[in-house]
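Both of the next two complexes hold chain A, though its partner changes from chain B to chain C.
Our next item is the complex of A and B:
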């Protein structure tokens, strides 16, 4: 086991940027008991191992991570008043209850799964994920979430050009995030967060929680739902954290399942390239 | 990285694909998300000019809304409700339940069933509050007695 991890870490150090050391450390820190538990995990994961990551529709076993009842209990289905409805949100809503927009949680669940799956795949490929919001009420929670999954957060005033003019702003060539997760797509009641247009300009995919008064068009993976209630935001944060941390578990199962192959022969490069 | 910054044309995927096809971006320089997007394309392409559907927003109404409206019209002082406590039904919910039950069991008309249900529910609530007051007053007298004994 130690041998495998060492070769794995050496390989990764020569190929990837410094962020990887964190993930390797977290792999090292796992106890033997959890490793055993991971190996005995559900058959879904073992079946998934037979396919490559992108061929399997739920490679990280994220479908059971939430239920529609949970979404309902977290008050995800509540939209704003009917007068503030953005017509582009119409495909995602169930109807209007006495003037209040109610989201269709079936479509929310489908789109939320697509977004979680995409997040996990980006994390699996060692992409940088940036959580963005400008809502003071939830900014601490979002920063804590980003910290917990060793990713990044931006919850303050957005300076124009943070992505588009990053070389000048940071004084050096800067690696931009590979995925932006926006938990509140509005800065004020009427204005869209500038990160969405900037990410689209720099060809960075965006996952966004879109409430009934938001414009979902530029958002790559929109999740229709309530973006104001703390319980709802807590649920989103928890799910994204789970999705990102599920990647570590998958790494471990893959490493352990390939241990036999690696220990015997020294065809490391071939085996590794088939994983990545 | 040389690429188009016109976010209002096409999607991020079509723009990058165009660059690769035209040869201005080599396949090795493609973004990290490219294959993931290819494998799991979003249900709605993220185009800036995706048109909004014109269909009207439908209203959500339930059959029991008639009873609900009648209840709130006839009861002026509705007691406060704890919204996070789902184990105890509100006065209105009790009334709706009883009314539909009476309608089904006794084959009553809506108005009759509603009047009966409302009367029983209100009398129940009154007796409950009365018994509560009584128990409170007895507790109070006990305390008074206790105080007296300590003074004595």
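Our next item is the complex of A and C:
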């Protein structure tokens, strides 16, 4: 137990992430300048943007959007009781304390960043993002989140075939979402949410918060973490919302930088980073 | 002529469609701007599959409707010719009259009788596209399949949360003078499941309707529900009784200086009565020139006296009534309603309310149930012995 507590304090005291973010910021400035150069050469600017976006490690500057301390404060590390542990979740687990699973927040942070980055890329290409959950306690929050970032939410009764039989369900040919974010992968009776299987059948990528009693197998971007505590869900919602809204900010800088390239005032590109 | 009959035949078969047409206002037409499909195709090649399918459907629908409109126009002109009227100014009322005259129908069900109506009144309307050209839906709850219904639930909880927050925020600075404004909901009720479905153009399950009632009850019983009155009342409808105006009118004055109220054509079953209530009076009752013995049955006499006894004006007013049509009970009922309707102008507001609650002011619209084929009467069956 003492060992676990010591590790917690290590998480709290660590400033590794902030160091990372400093490094990333400097990288960021440099990449912006190179990008401007690419833009100058390319005739089709939009295509160039998208290409360079994929080459970039953190195109939307999402790494500094959260710290492990924040995750810890939001109680993301709390899992369920030991007995309910799904064996597939073992790689993401730090240990257990008083019979409760504790997640390894280092791996959570890594996977969370990957998921946020992917979300932002989907939003960057005008993809449709669907927030799904069946937890009545958080459904209002999730619907508000979706509404705020002009995306979509489904926190109600899931009708069988919503994706696989969409033409019948919606009464017409319908464009399905390009990304599904599941904030609670279990239904109210602790079975896997049917959206996960349906999305897998329709080849729609899924980001899912997987608690210690969930199966991460069909989830494209699993994020191990607590999916029951409201503070944790609030944090996830905030992060995903920021990631989607960061795309707008990114577009703004690209447009600005483009204008500057056209003006021939390269010197100004350095100042752009202050927007972030 | 044969073509005309065929036309009517076609329309007759469509009678069933009319019933489904009740929610015309809430559904949107296919946008008239289901512009030339080809033009859009050329302009934007990146249009989504969903939008292309929608445009295809819309074009097909519009073509069909155009054909139907032309057929309607031909039918209208034929009818005008047959009736010897000007085809240019032959109106819908004239069409209905002409059909009633030329194609008399003994069918009981009105919807089953032949008719000729503009096609947009006969065929169900289609929903407009719910997504833009890239296939991205407009509504944030689109993927639930019932965006209109669920957005009511969402909004309901949003208001409830706001009211609770208000409560918590105010608690610190609460004063004795703080007035809570609960909402008075008398005289209205929640929309029925069917009405809600019609208004939202979405099928709603019973369990979902229970959710709707649950959140609405929670919201309307909140201490500060008055703040969201508009939202709550949007989902309620007034009770029937309140719609009809029972307000008393000012009585006229006789040549003798007595006040009177004359109510013409008081209905009950097939009887019609003209009833004059005169105040002050001595309790004289005259029905077609006779006294209350005009009615032989005690039940009919009791009916006449009931409103007078209830208001305690049996010896305070005179009644003059002429009645025709119907049987004894029908006539008595017609006069009873006429007396009550006249008396309401002579009584206190409290008594007026008592009369309303007693059901004296409510018209009785009941009619005998029709006889059914294969049966002896409305409900009675023929005698039948198995062996």
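Please note the rule applied: the second predicted complex is superposed on the first by the 206 of 276 C-alpha atoms of A that agree within 3 Å, B and C clash if a C-alpha of one lies under 4 Å from a C-alpha of the other, contacts with A are read in each partner's own complex, and residues count from 1 in each chain.
Everything below uses one rule, namely that a residue touches a chain if its C-beta (ideal position, glycine included) is under 8 Å from a C-beta of that chain, and two chains touch if they have at least 3 such contacts.
Treat the numbers as computed from the prediction; the structure is a model and nothing was measured.
Model built by superposing both complexes on chain A: chain B and chain C fit together without a clash. Using the contact criterion defined above for the overlaid structures, shared-chain residue A:151 touches chain C, although it does not reach chain B. In the superposition on chain A, A:173 contacts chain C only, with no contact to chain B. Touch criterion met: A:159 reaches chain C, while chain B stays clear of it.
Looking at the shared chain after the overlay, A:81 reaches neither chain B nor chain C. In the superposition on chain A, contact of A:63 is made with neither chain B nor chain C. In the superposition on chain A, the chain among chain B and chain C reaching more residues of chain A is B. Contacts of A:140 after superposition on the shared chain: chain C is touched, whereas chain B is not. Taken over all C-alpha pairs, chain B and chain C come no nearer than 10 Å in the superposed arrangement.
Shared contact residues of chain A, touching chain B in one structure and chain C in the other: 126.
Considering their complex, residues 3, 5-7, 11-12, 15-16, 31-33, 35-37, 39-40, 42-44, 46-50, 52-53, 55, 57-60 of chain B touch chain A. Every residue of chain A that touches chain B in the complex is listed here, in rising order: 54-55, 82, 85-88, 90-91, 93-97, 101-102, 110-111, 114, 117-118, 121-122, 125-127, 164, 178-179, 197, 200-206, 216-222. By the touch rule above, chain C contacts chain A in their complex via residues 48-50, 53-54, 57, 127, 131, 134-137, 140-146, 150, 154, 157-158, 161, 208.
Those residues of chain A whose C-beta lies close enough to touch chain C in the complex are 126, 128, 130, 140, 143, 146-147, 150-154, 156-157, 159, 162, 169-175, 177.
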